Each structure stands twice: as C-alpha cells, then as structure tokens.
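Presented below are the structures under discussion, each in the form of structure tokens.
Shared between the two complexes below is chain A, which has chain B as its partner in the first and chain C in the second.
This part shows the complex of A and B:
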C-alpha cells in the first residue's frame, strides 16, 4: 500500500517533466498510478468482503506515537474503487478533452495524480493525523486545480474553496486531537474498537462534523462548490463530484459506528443533511448552467449521503454505500457528458435547444443512463440505493420528518435529472447548421462517460455483489433488520414510495417555468461567505489600528515591560540566590565587565545614532572577549562575526535615519528616563534569571554524557557536535525559522522599494560617466594603466569609489574564502563550524558589496540568495534521510574512515554535510540581507540625485 | 616590464599564498593538507570570480625588507605614544588634517603596501588614492601646525621609499635613486 501511495506522488512529481514531449498522452501515463491502485484493490477485495482488512504501517516517530498506518477494509475498498476507478476514466478523458496547446498540461496531470494519491491516502489512513494531512492535501490540490485558468473568477473560486474547507478543517483538527487525547490513541481502528466517552468527545465529534460538512459542501458551507465549477470540467467531474467532496461523507461513515450514539450526532447530521438535500435540489431545478446544475445536484446528493451514513443503522449504511458508489459513477459520467456538450456547442447554458441527442446518440445514451441512475430508476444502481434508503427510514424509531424529507429531496432529484437531459440534449438543432459537422475525437470523449454509465447499469443488475461489499461495512451496526440490497423486494412501501417519487418528479418538468419564476428566497451561501470575509477584513483593520500604533519604542516597551513584570516578579518572589557566589575567575573578567557596562551606559546617553551603534558594537565585542576568557572560543568566534555583520547592517540602516535620535523640541514616544530604567531592569532580570537557572538544577546535566559520545560521533569539538549531531533536529528547526524570517523580511523590504525611482545603478549610465571622467584627466593620468581590482567596474553604494578599499577587497576575499572553508572543515575537531564559516564567507561578500556595489555583488554571486538558502536547507534536511532509511534514527551520522596510499588517514563524518547545509544557509542569508538593504540604500541614493 | 603572463599562470602566486594560509591554519604538513589546500585554494579563486591579478614585477630584497619592517614597527610605537599623550594631555576634540602627498611608485601593489603601512600607524589613515594624478590623501592626527603637516608628508614619502627598496621593481628603484641623487 505504501508503494502504491508513493507511486502516485512519484508520478505526480515526474509527469510535468515529460509533458512537453508527450503532450496530451501525459494524462494516459498519469493514469497508470490510479490504475495500479484499482488492480491492487481488485485483488484484495475478496479478503475485505469477508470482514478482514489489509494493513501496513511505517514507524515515523514511534516515541511520539506517530505511525504512518494504512488500513484497507470494506468502506475503504468502496472509496478506493471510486477514487481509482473514476480517476483512471477521468485521466483518459483528459487526454482527449484538452486542446494540444492547452497551457499547463503537465501541471494539471501532475496535480490530478497527486490528488488521486492524497485521496487514496485519506481513505486508507488509519491514523487521525495522517488522515488530516491527506485531507488538507486534497484541499490544496483542489485549490490549485480550481485556479487552473488563473483569471479573476477562478482565483476567487479557488480562494473561496480553500478558505471554507481549510478554515473548518482547523476545527476538525482540534476535534481530531481532542478525540485522540480522549482515547489515548490516534489509530482509527483502535479508536473505533473502543470508542472513548465523555464531555470532550462530544465536543470533538461536533468539531469533526463541522470539518466534514465543509468538505462535503453541506449547508451552510456549500457555497464554494457551485463556485468551483469554473475549474476545467474533468476536474469538476473528479474532485467535485466523485472523490474529494465525498471525503466528508467518508469521515462520517468511518466514525458513525462508534459515535452515532453521541447525543449531538444524529440531530446535527440528520438536520444538516436534510436541509442540504432539499436546498441543493431546489436550486438545481432553477439553475440555468449545466455544470452548476450538476454541482447543486451534488450538494443535494451529499446531503442524502450524510443522512444515510449519519443515521447509524444497518439498512441506512447499506443504502449509503450503494448511493456512494452510484453517485460517484453517475455524477462523474454526467460531468463528462456536460464537458462534451460544452465542447460541441460552445456553451454550458442550458436552453433546451441544442438538439445534441440527434447528433450524438452515443453520448445521449450514456447521459440518459447516468441521469436515470441519479433519478433512481430501475434497474440502475441509484435505484437500488434509493430503495434501501426508503426502507431504512420507514421503520419506527426514526422521525417521519426524515423520511418525508428524503422523499421530497428525491422528487427534486428526478426533476433536475430530467432538466439536465432536456437542457443539454433536447430540442431541435435549429441554431446549428443543417448538416452536422463531423466531430473529431468523439469516441475518446464519449467512451469514458459511457464506461461510467454502464458501470452504474452493471452494478445495478448485480445488487447481490454490491450487497456483499456494503454489508461487510454495514454489519458493524447492531440492528435486527435483515435487509438485502436488491432490485425487487416485493410490493413493499418503499417500492410504492419510489413509484410516487418518479411520477412526481417527472411532473415537475412541465412546471419548470413556474419554478424558475417562483419567488422562494433561499439564503445565498456565496453572499454569506462574502459578508463574512468583509466583516473579517473590517475587524482586522479596526483591531490593527488600535493595537499596531506603528512605533517601535512603544512595541518594545510593551514587550519588555511584560517580560520584566511577569516572569520577573515570579523570579523575585520565588527565586533564591545561590549560597556561594564567585564574583570572577580572573580580574580580566572584571575589566571586561566594566567595559561592557560603560559601553552599554554610553548607548543609553548617546545623542547620535552612529555613536550608539559603535558603542553597541563595543559592548558586543566585550561579551565576545568574555567568552574567550571563559574558554568558549566557538561562542566567541560566532559573537565576533555576528557583531561585525551587525555593524555593517546598522550602517546601511543608518543611511535612512536622521543622525540624531531626537530632533530639537521633539517629544519621544517613550520618555528617555523611562526607557533607560526599563533597560536597566531588564538587564537585572536577565542576569538574575541566568544566575538562578544555572543553580536551580535538580537533575544531572544532560551534557554529562557528551564527552563520551563525542568519540562515537567522530569529533572533538563538543559545541559543534551538539549543533550538528546530538541536537541536529533543533538546529534544523532554528535554521529553518531563520531562513523563513529572513526571506520574509527581505521580501517585505524589496516589495516596499521595488518600482521607486530609477536608481543610479544603470550599468550603461555608469559606463558613460566613467568615459566622461577619463576625458577630463591630465595626459599623465590617462596613460596610467587603469587597473581593475574588482569584477564589476561600477561604484559602491555609499559615497565615491575608493581604490584602496577595492584593492584591499581584492586581496582579502580569496583568503577569507579559504578561511571560511577551513572553519567549515575543521569544525568537527577544532573551533569553527558551518555557522562561523558561513559568516566569514558572508563577510567576504559584504566587503565586495561595500567596495563595489550591487553589480559587484551580482558578479560575485550570480545566484538568487533564496536559492542558496533553499539549497542549504535541502542539504541539511537531506542529512536526516540516510540514518532514517538505514533503519536507525533520523540524523544518525556515520564516520567514514580510510587509509589512502599517499594521503594517509582520511576521515569523513557524515554530519559534515549538515554543517555544509548550515554554511550555505548563512551565506544565503548574508546575501539576502545585502540584496534587500543594499537595494534600498541605492534606491535612496538614486532619489537623492 | 615583463611580457604579460597569460592564462592560469597569472594566478599562481595567489594560489601559493592561499595554500600557505591553508597549511598554517591546519598547522600540519602531512601530504593531505597541502593537497586539499591546492583544491580549496583553486575552488576559492574560482568561486570568487575576481579579475586576474596583476603580474608580479617586484623583486624581494631581504635586507631592505628588514629595514622597512623595522622602520614601520618603530613608527608604530612612536605614534602610539604620541596619540596617547594627545588623549591624556589634552583630551576632547583635537585637530586633524587631510594631507595630500605626491607619490612615485607605479605599481598598484606598492602603492597599496605604502597606503596600508601609513594606515597601520596610529593616528594616520590613508583615505584615498588618486593614481591618475599620483597623489595619496592621508588624514593625520594630531596635527596642530604646518610643521606637523610637513612631518607627516615626509613620513609617507620615507615609508614609500622603504617599500620600493624592499619589494619594488628595478624600474621603480631606479626612479627613486635618480630622484634622491638630484637632491
């Protein structure tokens, strides 16, 4: 099963690359994955219908109870049949439906397969969190596929679907977690075997139902489904009829055996389902667009499915499985025929005058079969399901209202089935040319729809087989009734109701003009959604205006006051100072401490920003020196480098700020004395905190074993080993956060400044002025060889060019790079590591930027900083894989040693590559900062000129 | 001047320097270190994407190099004392001056060594080099009189001469000697 799932995603990732060569045949290739799933399910079916199940699991993080567990049982098999079967048909249909030059074919094929894989994972998942992940994956696929055309309408529809389904999906996540905690297991099979009880479970169930309702387009969250019809028709057929929207129904069906008796379950599911069924059916009858009619029909049918699976009785569950299968088949088939009709007539308006039934009898036949199944006519599968549904609710103990609702909904269903056929195929072809044009590729388009329609017929004729499968699921419900799915169960009340339904439904068609004109106000879900969004925007703006005053001093004051006030008070009231306190180890520490204090106090009283920055740097270097004295060269190195980089960054920022903190007669947002007092308090708090934290240890330190482990990890520098080996996962997390934050900030800066002014950096302009400058020179000067020190002959960002700076840069840069390589390689044994190495290399780029400007930077590193960061993260994260795949733990390192003829003893520790990743991330970050800040500074210069 | 070295050969001195740095960093001369050093140095030069270095035209004269170094070290001490005294005796803002000094060396490398030697000495910073007009601009501190300006100028010229004698090309050396004879 794992292989099956992986093959979906593997194929999804690879098909876009062959799409250019294969063209539309890509879709056929893509169909291989769902086809394999279908075949596999077919072979395992026998095992499942006898009540068994196939399981597979992969330990993800067993310590945390995270298992990647899959389980294939009767309910899953019905869903897999739908997902994979309809998937294959739709993909084949795609290969004929799209034009050869349709943009984004490969992307679409990849997304469809990825969706099939996500859906497969969803129905197979035996772990609540895995289910949630696949659930959201299907949403993401749906979002991307709805937005395929990339116009305004598609975009709105895609966002609508995404917001509604993921928004309520979050509620569902909370519910899933509550449920998992209450049951003390996240395994769905274990959870169903011993359902937990209690207050949290009721809450959890309601939250989960909310998510399921949104996914399956139940009132009041149904608005996104009709809007999603802007997607290409095959997408609608697959995601929004057969597969994705059934996910909510699937979840209800999955949980019903255990939780149908929770107090809130039945009232909620039955009422929402019934209202949805009636509302969708009524609106479908009034709809005049083919695809939206089908979508509203889907909404209605999903309501019926909710009622059936939510009822929690055996007969209803039998009916549910039958209707689930039937609906997937007939609705996909109808969408596919709608797609052909659209292609042949050029419109999806339904005006009842296409005359398509004469021109395309094969297609018409398929549509009739599918629509008959939808309307519940014998001998199709839809009829079998509907009979069972009536039967289920004819029994006592269920409110008669439910039965009445279902009958009414079914009457509407018959009505809109007829309306669809009439609208898509009916009438005389008076608007078209007399002689029908030969229709190209028609077989390839009709065959998929016909396949699905015939499957409806075939399964309808074999109700016994469907029953075996459905019963394997439904038998978990306790219930005395011994109902069998069948085409003919005798002159039962259910049969009579069916007859009435069909007659009444057919009678609706002649009344269509009255229905279309009838004034029945049904609340429009789209309007509700838009109003909600507007309200949200308004609330956000109001809250932001109140809270975000836009003053950094005020923000800092609030944050720091909170810090001092809450943990600080706790510290004073509960903390106890250690009994013995050594003031210093060597007098040097005292000197350094005084230096740092003086510099810090200087920052507080400085009037000029530049002075403050320099003093800040002095304090930082002082701290680094303290590290040295304390015997922590790694920390000191990092501190020195960061301090230096910080100074450069400050210099860039200072360019944009006035030289003094306060202009004359300017009132500070936070009073100077207050800020100084707060800073002092904060310093005392932090110092006291560290003092207490260091002495409050009760358990033996975790670092005690590090020395012994260091040899095992193949290194001697413990600081580095902690970073890249013992605590690699922490480091990866930190680096990722850093990368995300830096990228975010950099993009904000770049976005804010893009398009402002022309700037002075135009190479052609600079070259021109350079020529002019040379013409003004004295003869002697002109003869002097004009040597180039740097790669790009244009000016620096700040001030005029400096030959001295350029030359120094030219000489220092290669050496700095060698030093950075040394730090990177030596980190395992001595002072150094990827972070320090990356900073040194970054410093080389800083130097080149300061000396040569933006073009020099581009010449030095002709790559996008984001790519460097991404590559670094990839390399670092990639290091997790070998250890994990090798059966050990993630980030488990190996020491490769060899004695080579000339070179002697060579040792390579695999965690070096993790360090390399960090190195790249840091270099990328520095480049990103330079690009962002530098662009801003140069823009500023351009404006000033 | 020697004919232009072409291609990879021009990079050789810089490559050697980088390998030396590498070996010093590791503090080991087992065959592995210099060999990886060559690879790393080549990679560093390649990734730096800098323009080709100028061909070396200078000659190394060890005795005169010692003289230059000795002079510089002496100057470091004396000007350190001067600046400290200035800070202790007077305190607060003191006078400084930007002094333009005519220079004679032709090769960029010599100019650089000169400028950086000047910058090394406390109180003095070589601010800018105008090669077209053969001038070095030095900011000196403390400077309170015209005489001290002349002192600074003489110091720069002296250091330049020492540098040229130590590592300058024969051509530069001849120019210096002729000039001094003329005086």
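This part shows the complex of A and C:
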C-alpha cells in the first residue's frame, strides 16, 4: 500500500517534466498509478469482503504515538474502486479533451495524479492525523485545479473553496485531536473498536461533522461547489463529483458505527443532509447552466448520502454504499457528457443548443443511461440504492419526516435528471442555432463516458455482488432485518414509493417554466460567504486600528500596565509582607544601594549624554560591588569587566552623537508624569515581589547536588562547573546569543555607509566607493609594521596621541593577555573562567585600539572577528561529541590525568575546551564590536568631515 | 528561615522604576540606558531571590552550608554577558538610526498610522 501511495506522488512529481515531449499522452501515463491501485484493490477484494482487512504501517515517532498506518477494509475498498476507477477513466478522457496546445497540461496531469494519491491515502489512513493530512492535501489539489485557468473568476472560486473547506477543516482538526485524546489512541481502527465516551467526545463529534459538512458541500457551506464549476470539466467530473466531495461522506461513514449513538449525531446529520438534499435539488431545477445544474445535483445527492451513512443502521448503510458507487459512476459520466457537449457546441447553457441527440446518438445513449441511474430507474445501480434507502426509512425507528424528505428529494432528482437531458440534447424550438456544422468524430471522448454509464448498468444488473461488498461494511451495525440489495424485492411499499417518485418527477418537467419563475428563493450561500469575508476584513481593520497604533512607548505602556495590574493585584491579594524582614545583611549594602539609586536617578535626569553614561557606569560598578558582598566573586568579576567595556563602547558611539539629548520632535504619546507614575508602580511591585520571593523557598536548592558532584567533575569553582559542565547546553545557547548579537552589530554598522551617505540611485557608484574604502583600509594596514606596536599611521580615535597612554598600553596589554590566559586556565579551580578571561583579553584589544586607532586594531588582531566567533562556537559545540560518542550524555566531561616528565602531574578536564570555546566567542564579540562601532564609525566620521 | 533584605528590595525596585521610566522615553539612547538598568535590576533580583548572601562557592574555601547558592550566580553571569551583547546591538541600532535620520528617536510606525487613517470600508475589489 505504501508503494502504491508513493507511486502516485512520484508520478505526480515527474509527469510535468515529460509533458512537453508526450503532450496529451501524459494523461495516459499518469493513469498508470490509479490503474495500479485499481488492480491491487481487485486482487485484495476477496480478502476484505469476507470481513478481513489488509494493513501496513510505518513507525515514524512511535514514542509520540505517531504511526503512518494504513488499513484496507470493505468501506475503503468501495472508495478505492471509486477513486481509482473514475480516476483512470477521467485521465484517459483528459488525453482527448484538452487541445494539444492547452497551457499547463503537465501541471494538470501531475495535480490530478497527486489528488488521486491524496484521496487514496485519505481512505486508507488508519491514523486520525494522517487522515487529516491527506484530507487537506486533497483540498490543496482542488484549490490548484479550480484555479487552473488563472482568470479572475477561477481565482475567486478557488479561494472560496479553499477558505471554506480548510477553515472548517481546522474545526475538524480540533475535533480529531479531542477524539484522539479522549480515546488515548489515534488509530482509527482501535478507536472504532472501543469508542470513547463523555462530554469531550460529543464536542469532538460535532466539530468533525462540521469539517465533513464543508468538504461535502452541505448546507450552509455548499456555496463553493457550484462556484468551483469554473474548473475544466474533467476536473469537475473527478474532484467535484466522484472523489473529493465524497471525503466528508466517507468520514461520516467511517465514524458512524462508533458514534451514531452520540446524542448530537443523528439530529445534526439527518437535518443537515435532508435540507441539503432538498435545497440542492430545488436549485438544480432552476439552473440554466449544465455544469452548475450537475453541481447542484451533486450537492443534493451528497445530502442523501449524509442521511444514509449518518442514520447508523444496517439497511441505510447498505443503501449508502450502493448510492455512493452509483453516484460516482453516473455523476462522472454526466459531467463527461457535458464536457463533450460543451466542446461540440461551445456552450454549457441549457438553451444554447438544440437537437444534439440526433447528431450524437452514442453520447446521448450514455447520458440517458447515466441520467436514468441518477433518477433511480431500474435496472440501474441508482435504482438499487434508492430502493434500499426507502426500505431503510420505512421500517426503522426514524421520524416519518425523514422518509418524506427523501421521497421529495428523489422526486426533484428525477426532475433535474430529465431537465439535464432536455437541456443538453433535447430539441428546443426557440433556440436558433447556425446551420448544423458537421461534428468531428470524438470516439475517444464518448468512450470514457459510455464506460462509466455501462458500469452503472452492469452493477445494477448484478446487485448481489454489490451487496456482498456493501454488507461487509454494513454488517458492523447491529440489528436491522436481513435486507438484501436487489432489483426486485416484490410489491413492497418501497417499490410503490419508487413508482410514485418517478411519475411525480417526470411530471415536473412540463412545469419547468412555472418552477423557473417561482418566487420561492432559497438563500444564496455565496452571498453569505461574501458577507462573512467582508465582515472579517472590516473587523481586522477596526481591531488593527485600535490596537496597533504604531507607537513603541504606547505598546510598552500596555505591557508594563499589564505587568503591574495582573501579577501586582495577585501580589497584594496574597496578603501581608513576610514577618522575617531585616534591613541589611551588612551595612555596606546600604551604602552601595544609595550609590546605585543616586546614580540611576542621575541617569534619568541628566541632560548630557556623557554625564548619563558615566552615571550608568557608576550604577553598574555599584551592582558589581553588591555581587561581591553577596558572595559571588565570578559574577562580580564579569560585571566589572562588562561595565568597563560598555563604558568604552558607549563612548565610541557618543562621539558621533550630539552631546545633549535632543528635544523630542514628536510629543511623547505618554506624558512624563504618566511614565513616571507607571514606572513608580512597577518599582513598588518589583520590590514587593522581591521581598516575597526571597522567603518563598520551601525546598533545598538543587545546587546541593552540584556540590557533591563537583569533585567528580574535577573542579572546585562551582559556578564555573555549572557553566561548562552541569548546564553546558544552556551555556552553549547563551554564547550563541552572543554570536547573533555580534553579527547583528556588524551587519548594522558595516553596511551602514552603503546607500546612506552615497547616492541611493547609483549602485555602481556606491560599489566603487566601497572598493575605494576597502583599498584605503587594507594597504595602509599592511604597511603598518607588524613587529612594532603603535607604529601605524593616523592617531587614536578619541583625542590626540598621548605618550602616557601609549606607554601604559605597551605595559598593560601583555599583562592583560597573560591575566586572561590565567583566568581561563584557573577557572575550574578558582575565580575566573571563559567569560572573564575573554572579557579581559577583549579589554587588551580595546586598549590598543584606543591608543592607536583603527589601523592599530587591524595590526593587533589580523583575523576576521567572525572567524574567531565561529571557531569558538565550533569548539564549544564540538565538546558535545566525546560524551555522546562514548555512549554517555552529551557534554559529559572527563578528567584526564597523567604524570609527564618536566611538567610533573598534569590534570586536564575536557570541559576546559568548552570554556576555551566561550573564551573565543567573547573575544570575537569584543573584536567585532571594536571593528564595527570603533573602526568603522571612526572612518565614517572621517569621511563625513 | 530566609530573611528578606529590605535595602536590596528598595534598590531593585528603584532600579526597575528608573529603567522602566527611561524605556518609555522617545530618545533611543535613553531607552538603551533604561535597558541596561533593567538588566542590573533583573540580575540582582535573580541572585538575591535565590538565597541569602554567603561565602564564595569555592570548594575548600568555605563550608557548603555557608556558601551562597551558585546556581543563580551562574545564570546571572551569562545574563550579564548577554546584556552586554544585546546592549551593543541596541547601540548599533541607534547609531544607524542617527546615520539615516539624523535623529535618535523612536519613530512611529508609518504603515500603522496609514492603517489607522484608512477608510472604514475595505476595498470592495478584494471581496468577491
């Protein structure tokens, strides 16, 4: 079965490539896949009619309960026969129907086979989610095929179909998931064997039915089907008559044995199905376009199928299978004849041609057979199905209204069957056509239609065979009398009803002018759909205008207000403050706190940017000192280093900005007082939260475990061990963030000059200036002697050259690099580590840049910063491999110890390399920032002047 | 029993308040300052909410019972460095804004303004 499915999709993917060579014969090649499915199903038929099933499954993610499971049973075999059989016939028909030079033949052939494959998967799927995937695949194929002609009308029809079916398909998905969760299995066969019960199941069933109704064009979602008739006729014949629209019916048939007794099921399915049947039939009688008439007829018949399969009784299910097969055959045949008539006369209007029956007797014969099956005339398959349907509702305990509805619907069906024949072939005295032109011979087109029509007749003459297949499905319904599908069951009430139906239906034909003029109008689903879309659009605009005002401060205000309002209220309602308050751990905290608060307040009120940056630095150092007091030396070290670096980086940017903050050009949308009030409330909330959080601990910290395992991991600095060993995967994610930030900085600044200062208009110009810029940067940097420091031409970026600074640089930089190496190596045992080491090394480069300018930087670090970052990430991530390959956990560290000559006892912990990776990433980050915000900004400043 | 430290609570609350106030301003540079201050506040909150002050978490230098909890320290450490990275990114953003507009202000989104001014009725041509 898997091979069958794959062959469909493989063929679908390949036929477009051979279409140019094969032309219309592509369709015949494409028919190979459904033909193979048909043959395969034929061989397995004996197995399933005896109640067995063929299964296949492919484990995808069994831990999640995801299986690609397929199951071929009696119901599936009926559907496969329909899907593959009609598919073969329609594809052969296509090879004659389209002109040789019709555009997009390969695409259409591919889509039709893909559709056949999706439909095959849908009926074979034994997993709810697989079913849903195939379900939507058929929708997508349908969308693409309806829009095949790409004109305005086709596009709107395609979108209409897509929105309605996928929109309600989403409801169905929710229903499927609810069902799967309630049953604790997504296997359809298991689910049907032991149906779950309870409230969620009722909801799930209703949601699934909504999806099925939309797919099978039931009222009120039926509007898309008549609109879809803009598709090429073979597409309508296959998708919108025989195959896709049956998917909803199939799903109802599949679930009915288990869920027909859910309270909501019968009222919903029966009422919707009956209304659909009557509505579709009535509108078909008033329609004056052949294809739309057939489409509305399809809507009507789908309503009948819903009623039959949804009724959940054995006889009704027997009738359902018979009608399903009959409808697939006769409706496809009728569409194909309509297509031929269209090609021969150039119109699909009922009054467009006259007397075609005389000129095309063969086609007329096929159409009569098919229409007779639709009307339910003996000895065709449609009659067998209708007879069984009457029988089902005559005897079983359902309201008489249902039977009346079906009879009325069937009368309408007879009426529009006659109307179709009359419209397509009949003589119409008022229609003036040009002198009859000799029609081309179209045996290749008539034969497929005739094949289907004859199949209706053949199966009608062999009701016993159909019964065996139908019973294999229907026997799951308990009870019910032993009804057999048959052509003649005696003078039963059902037979009498059939006779009445046919007579009444024929009587409708003379009344056609009265019916066409009748004022009984049914609501137009298309109008409802358009109104819904317009309402959605309007709602979207209104909501967007209210909510998305486009101002960042307003958004932030909303977010902060929510933060204060929701958890804040919860905090207040939590009750009193904890009784275990104390003022401070040591008085130092008070002094540092005052420093931080004063500096922060200063940042807020400062008018000069420079002042604000200095105050910000003061606050940062204060925080670092608090870390020291708290007993976090690693953290404090990192904070000190970062604060210093940040101060320098701020200065790099500030030298290009005006010294004072500018007066706001736009009035702030949030007033200063409002912002201050909100910020104050936030501060109170966070402070309160802080007090409660500190006392909220009930369980010992997980760190206790880390203490025990520290020795085993070969280190004493627990913070460092957490970073590079215990929680290394976290750290890897965090250094990745650094890499991303560095890339962001570089891309923002290094491309900034292009297209900003130079003309936007002339790309060659900017490219040229870009080249010049590179030339200017590179050779001089090369000229700078590598051996000697601070020998590069041009001065430092911030102010004139300073002897003191240069001398200090020469002394401090090597020391700092040694210190950074020490911090990196010692990190496992004492304060230090990759972060601190990398930051110190970065400071060394900062110092050289500050003392010597941008060429000095190139000389100091003659590598691309991005390469350093990449190498660092590679080394860090590579450390996941040894532990993983060794069969243990990823990032598991090992301690290697050896006694070497000269060096003595050496201990190497593998997680050191992880720390080395961090070190490299941090160094790369600082270099990238220096290159971008330092050297590049400096140069742009030079050019701007 | 863990004790709540009122001084630190006031500091964290104050830093948060100033940070949020700056974040609500129009000037990009002030927003970056606000971001840095919020980062300080968050790191302090993370650290101190994890447990009281103690000795450095270095084995052999202090008894485990006296140590400050190392896990929030490790988390805050990476947070400090990431705050640095993101701050430089914001700086680059505001520099670029200055380069292009010669203003370092948060602009209102033009497209959103246009939608807000749009007619009540969406174009009929889109709906058929």
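What we mean here is this: the second predicted complex is superposed on the first by the 535 of 945 C-alpha atoms of A that agree within 3 Å, B and C clash if a C-alpha of one lies under 4 Å from a C-alpha of the other, contacts with A are read in each partner's own complex, and residues count from 1 in each chain.
Following the convention adopted for this analysis, a contact is a pair of C-beta atoms (placed from the backbone, for glycine too) under 8 Å apart; a residue touches a chain by one contact, two chains touch by 3 or more.
Every value quoted in this text rests on a predicted model; they were computed, and no experiment measured them.
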Check: Touching A:745, do we find chain B (first), chain C (second), both, or neither?
Finding: second
Notebook entry, point to check: Who does A:723 touch here: chain B (first), chain C (second), both, or neither?
Noted result: second
Next item on the list: Name the contact category of A:566: first (chain B only), second (chain C only), both, or neither.
Entry: neither
Check: Touch check for A:860: first (chain B), second (chain C), both, or neither?
Finding: first
Checklist line | Superposition-derived comparison: chain B or chain C, residues of chain A touched | finding: C
Next item on the list: Quick one: classify A:906 as touching chain B (first), chain C (second), both or neither.
Entry: first
Checklist line | Doubly contacted chain A residues - partners chain C and chain B | finding: none
Notebook entry, point to check: Which bits of chain A are touching chain B when the two form their complex?
Noted result: 777-778, 780-782, 784, 787-791, 802-804, 807-808, 810-811, 813-815, 817-819, 821-822, 826, 844, 859-860, 862, 902-904, 906
Note to self: Help me check something: in the complex, which residues belonging to chain B touch chain A?
What the structure shows: 14, 17-18, 21-22, 25-26, 30-32, 35, 40-41, 43-45, 47-51, 53-54, 106, 108, 112, 115-116, 126-134
Next item on the list: Please give the residue numbers of chain C that touch chain A in the complex, ascending.
Entry: 1-27, 29-30, 33, 36-37, 40-41, 43-45, 47-61, 64, 67-71, 73-74, 76-78, 80-89, 91-96, 98-100, 103-113, 115-116, 118, 120-122, 126-128
